[in-house]
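Below: a set of structures, written as structure tokens.
In what follows, subunit A forms one complex with subunit B and a second complex with subunit C.
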Partner chain A sequence: MARLFDFPGGVYPPERKARSAQSPLRRAPLPAQVVLPLRQHSGRPATPCVSLGDNVHTGSLIAKRDGLISADVHATVSGTVSHVDGDTIVIGSDGQDTRQNLPPLDWRATDASVLLTRLDESGVVGLGGAGFPTHIKARVIERHAIDTLVINAAECEPYITADDLTLRCYPSEVLEGAQLIASLCGAQQIVIGIEDNKPEAIAALKRAISQSQPASVTLTIIPTRYPSGSERQLIKKLLNRTVPSQGLPADVGVLCHNPGTLLAALYAVRDGQPLIERIVTLSGEAIAQPGNYWVRLGTSIETLLEQLGLDNARLSCVIKGGPMMGTALETLNTPITKTTNCLIAATHEELPPVPMESPCIRCGACESVCPAQLLPQQLHWYARAQEDDKLERYHLFDCIECGACSYVCPSHIPLVGDYRESKSRLRHNKIEAAKAEHAKHRFEFRQARLAREEAEKQARRQARLAHNKPTDGNASNESNSAPPVDLRSLRIAQTAAKAAVRKAEKILARAAQQEPQQSHEDLETLLATAQENLKAADLQLAQARESAKAPTAEDTP
Partner chain B sequence: MSMFHASQVDDASSPLMAPPTASLMRWVVIATLPGVMAMTYYFGLGVLSNIALAAIMGVLLEAGMLRLRSRPIAPALTDTSTLLTGVLLGASLPPASPWWLIGVGMLAAVVVAKQLYGGLGHNPFNPAMVGYALLLVSFPTYMTLWAPPQPLLNDTLWAQILGTLPTFQLDALSGATPLDAFKHKPEELSAQQFWSSNPLPEQTLTAWYTISLAWLSGGALLLIKRIISWHIPVALLGSLVALAALFYLGDSGRFASPVFHLLTGATLFGAFFIATDPVSAATSQRGKLLYGAGIGVLIIVIRNLGGYPDAVAFAVLLMNLCVPLLDLYTVPRPTGHSKDAPGVPR
Partner chain C sequence: MSDTFSLWGIVSAIGILTGLGVGFGALLGAVSERFKGDEHPLVDQIDALLPQTQCGQCGFPGCRPYAEAINEGDALNKCPPGGEATIHALADLLGREPEPLDGDAPSEAKVAFIREAECIGCTKCIQACPVDAIVGAAKQMHTVIEDECTGCDLCVDPCPVDCIDMLPRSTPLSQWQPIVSPAHSVIASDRIPATVHQQPGG
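Up next, the complex of A and B:
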């Protein structure tokens, strides 16, 4: 076994995984209706491409990605579209579950660009929670050299066993998916990080590892400690590499994927099956049949829980995600999405309400468990006082919101809640400050569009002129005199526009990956502007080349 | 956000977790018991009367202040922090101090040092030490009247507490603490000569050594229960012993030995019960080490070179003053920040 390194802090909350890990993986009943949100991923919502009354099959594309950071959405049952608006598409099932898959591909014999397109059009996103589009993540190779793919199977949150069951049931498929992603991003080694509380998954992986090639696969078993499943902490633990603050794992040559995502990626490529279902852990004392289920995306949480024997009398709240980082659902009338990994129907005894907050006495318990080595007690103080410059000085944005500090606080202070609030306030302020910048981008975008339209008009006029006076020597002379100079500067302009597009893409991809939950409107505008500029430059260049070529063609005969 | 809380789950795999704030304070009160019992054994019921009066007056003052500030009274009283302040101040005062002296001390501690700054968690200075320092500066005669070791109950206890005992009688009752006696030893005597002259009433040194060790045992309980971290006591005692040893090696005729500094006066009491008050101490681990070391140095500097025989209160208060600065310069470098860009403020 590889040597283990350590990250600071951490806590040992009760695991409570046995309840859902003991039953086998089952399939939830096919829902009678699915509600599919257009934003199940980080970035922009997808744009619907079906209308009311359309018949769709399971796997039909129903909404197209919009912008760079976005993902396609597919029908998860066959039937009729019964509702479309800006947020959701509702499909009534016909009960047939007829499939519409893409053609299967053999990834070892297929070009990388084809595979990337396949991931893109299958709507595969990170299933661990952030929902970052997988094809964008794989394209990181354009900017960074990646040597290691980390399979994050730590699953350190209490209750959740979705990755555990995924690995127990599909070990070789997950490894095959990992090999696929590793070859796409050029990683020579695959490291699996798994906590020692999943012996069955570990045994399954050990059996499957020997057949996995070409990249070498290492299985690293780490002691159970929360939050070892956090990307940064896991990379530190497995590889002793520290992801820089405000940076990405790619900055240290690592790509991190969840087993579920790898499985979905393999299905998309090998079987041509878009992302239409996922494994969800359903646990908590208030359901009769806890366990892990394959659930179609868009299934109503309420219906699902009731089918599994929800005891409404004992139910105190339903938590989406784990108890450390998840959120309590305000209504059960919401669908399962691509990022729903766990639902906990908790009873009052199971998760008693946190007692009333008392003042912070700066005991430092939070500091000793913080995996990011922050000073939570000071952050709390400044967050309450809204001292924004101090918050940034004490590195608020390095907080990974793992909740270890809230878990141990003897005064029961909801620290992470405070930090989230402060973060969004600081972001809001930054957005306000960036509004002028945004307006500038919009203006530039308009200028670029006008320039392109002008160029198009010019092209049409010249085409008309050339058509009207095909033998007029003056016209060809006129266009002949200018091009040699123009062509060169236009080529330079086109190259510059291309570079601008690449830069805008890079900035946006980075921002979106760092803060997947935020919208990056101004960056999207920036990218659109650059793309408009490039189009205009392309057009002008093509037209100049045409007119430079045209006279010679005319002269020769 | 965390739906889990360590104090709410009974199936957590690690029981090594600090208890909630209110019971945390209760544990500190419990940990003072060995020290308080040892003091009572040697100095009589006057120790308990101090503590009882201080605690009762403290709770009343706290309730009154909370009422004036229109804050909920019950939660603030159940957190036991005022009770703790009362116990700590009561244990610092000369046994059987008059009620008004204790009252003035608690007024300074609870009203001025704590509630006027915003209540628990907001006070920059250690409340008990503010009360003690104020009394020491304002009523030096009463504050230096440490009676020699005596039986549990003496006849003048009530008169002393009620403040009706005439001063000359008080003088007759009082002795000197070992630190006091050493401070005022005649210039011409060397330390060795001074000690061989038996300057203290019988049992005095034994009493102080025993009491110090009792405080140490209480401190050990706090460490074992993870209620305090080791940083402050270790840094404090370490720097105190080191500096005292330097002085002693330099001139053993003039300065007391490190062991004497460690085991007399309020050194161990201060190291485990006063300096570790988290509210007024530095917060980062590096900050705590510097904070503790600073207190140790100041105690020895004031004892050896200053005008006061003991100096725990002043040393703690002076270091309380430095806490904002310590906190500012000891921000730890978070994960992911490069080594050449430390957490020091820009």
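Up next, the complex of A and C:
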């Protein structure tokens, strides 16, 4: 076993995994209707490519990705499209479940670009919770050198056992998926990080590891501690590499994947099956048949829980995700999405409501458990006072929202709630500032355009005058000598405008080289403004030269 | 002893110091002339705090001219779209006293919307738009690019058929802001009434 390193902080909440981990993996009944949100991933929502009344098969493409950071959405049952709008597509099932899969591929004998396209077409995203499109993560080799693929099987949140069951039931498939991703991103070694509370999954992996080729696979068992399943903390623990602030694991040569994602990637390539279902943990005291289920995406949470024996009398709330980081659902009339890994139907005794918040007593308990080494207490004060510059200076954006601080807070302050709110406010302010900057550039461009048009008009007028009265020396002399022209300052203005154009070109070229995928509309506006200014300066200078020449030519005789 | 007070010592010291002073002065002067910025940095800073709606409600043709005027000593409170927040930011930057806003702050962000059936294609709004956010041609229908519109109102007045409305700006789901709960009570004895107040209709 490899050497273990350590990350700071962490807590030991009750695990409560036994209830769902004991029963075997089952398949939830086929839903009568699925509601598929167009944004089940991080990035932009997909664009629908079916219309009302279309017949679709299970696996048919129904919404195409929009832009680079986005993912395709596929039909998860066969039937008829009964509703399409900007947010969701609803499909009524015909009960047949006829499949429309892509052709199977042998990844070892297929070109990388074909495999990347397949991942893209299959709508595979990170199933751990963030939902980042997998095909972009696999393309990381274009920008970073990756040496290690980490399989994040820590699953540190209480209740959740989806990855545990995935590894117990499909250990060789997960490893095969890992080999596929490792070959795409150029990683030479695969490291599995798994907490010691999953003995059956560990045994299954140990059996499967010996057959896994060609990258070497290391199984590292780590002690159970929350939040060891967080990407940064796991990388620190397994490899002793620190992901930089605001950076990505790729910056330290690591790519992190969830076992479920690797399984979905393998199915997409080997079987040609797009992402249409996932393993979801259904747990909590208010449910009669807890366990892990293969659930079609888009299944209504309400129907699903009722099919599995939901005791409405005892139910206090349903939590989507884990108890530490998840959110309590306001309504059960919402679908399972690509990122739903767990549903907890909790009773009142199981997860009692949080007591009334008390003032912060500055005990510092939150600081000792923060795995990101932040100062939660300071952040709390600044968040409440909306001191945005201080929040940024105290690295609010390095907060992983694990909830360890809220968990230990003796005053029951919803610290993570404050941080989320502040993060969203700061992001909003940034968007507004960017919008204002954009409006300013458009305004400047318009001013420059008007100035250029004015200069052109002047030039045309002068040309007309010169053409109409070539012999009338006195009149032209009068009109020309009226405005005193300063050739030197105009020449300086023209040189400055030229320099501004060159500078804008350089900035645009550099930005286009560094971030070729981004839109550089704003920089293009700046360049256009500089070009307009240059044109206006050129015209003015030419005009001044003309008028300077004309009188001297007439003065000499 | 005699060395310390010798005339030569004093003169040479004064001479060396004067020489150094003149030398460095000349160097600093040359450098400041050589690397002189062509823009006024304070105007840029003021401009960066203004909301860039280019609406002209301050009486200047755009935000930059107003920034220049503020730098010359004009009042800080002439920007309704920026509201109190902008006045305070400007007062902080310039070390002046914040004044109450001259005018009504808009309640929410708005954008112009052209009722296209009524548009006669006069192009007057296109000419009025400070950020080129309206597309259209003479005797053709015009429309507003919502993403580019700053909600400045300048297109509303020139429209001869009054077909432009100012509507609330639509917010994409990704920019949704959580509803911030009212400030928490600080003193323990305040708590029970505070919970009563938070009940709907209470």
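One rule holds in what follows: the second predicted complex is superposed on the first by the 435 of 557 C-alpha atoms of A that agree within 3 Å, B and C clash if a C-alpha of one lies under 4 Å from a C-alpha of the other, contacts with A are read in each partner's own complex, and residues count from 1 in each chain.
The criterion applied here is as follows: a residue touches a chain if its C-beta (ideal position, glycine included) is under 8 Å from a C-beta of that chain, and two chains touch if they have at least 3 such contacts.
If you're wondering where the values come from, they're calculated on a predicted model, not measured in any experiment.
Visitor: Of subunit B and subunit C, which one touches more of subunit A's residues?
Guide: In the superposed model, B touches more residues of subunit A.
Visitor: Examine A:Arg39 and indicate which partner it touches, taking first as subunit B and second as subunit C; both and neither are also allowed.
Guide: So A:Arg39 only meets subunit C here.
Visitor: For A:Pro359, decide between first (touching subunit B), second (touching subunit C), both and neither.
Guide: Once the two structures are laid over each other on A, A:Pro359 reaches both partners.
Visitor: Which holds for A:Val243: it touches subunit B only (first), subunit C only (second), both, or neither?
Guide: first
Visitor: Should A:Arg420 be classified as contacting the first partner (subunit B), the second (subunit C), both, or neither?
Guide: A:Arg420 sits against subunit B and subunit C alike.
Visitor: Please indicate which partner A:Asp87 is in contact with in the superposed arrangement: first for subunit B, second for subunit C, both, or neither.
Guide: second
Visitor: Under the stated touch criterion, which partner chain does A:His428 make contact with: subunit B (first), subunit C (second), both, or neither?
Guide: Only subunit C is touched by A:His428; subunit B is not.
Visitor: By the touch definition at the top of the document, which applies to A:Ala496: first (subunit B), second (subunit C), both, or neither?
Guide: Touch partner of A:Ala496: subunit C, not subunit B.
Visitor: Quick check on the superposed pair: does A:Ala439 touch subunit B, subunit C, both, or neither? Answer first, second, both or neither.
Guide: The answer is second: A:Ala439 touches subunit C but not subunit B.
Visitor: For A:Arg108, select first, second, both or neither according to whether it touches subunit B, subunit C, the two together, or no partner.
Guide: neither
Visitor: Where on subunit A do the contacts from subunit B and from subunit C line up?
Guide: 356, 358-359, 420
Visitor: Please give the residue numbers of subunit A that touch subunit B in the complex, ascending.
Guide: 7-8, 11-16, 158, 232, 236, 242-247, 317, 319, 323-328, 346, 351-352, 354-356, 358-365, 367-368, 371-375, 377-378, 393-395, 398, 403, 406-412, 414, 416-417, 420
Visitor: In the complex formed with subunit A, which residues of subunit B make contact?
Guide: Touch list, subunit B to subunit A: 1-9, 11-14, 17-22, 24, 75, 79, 81, 119-122, 229, 278-279, 281, 283-285, 288, 327, 331-338, 343, 345-346.
Visitor: Touching subunit A in the complex: which residues of subunit C?
Guide: 38, 47, 50-54, 62-64, 130-133, 148, 150, 173-178, 180, 184, 186, 188, 191, 195
Visitor: For the complex, give me every residue of subunit A touching subunit C.
Guide: Answer in residue numbers: 39, 45, 87, 356-359, 384, 420-421, 424-425, 427-428, 431, 436-440, 442-447, 496.
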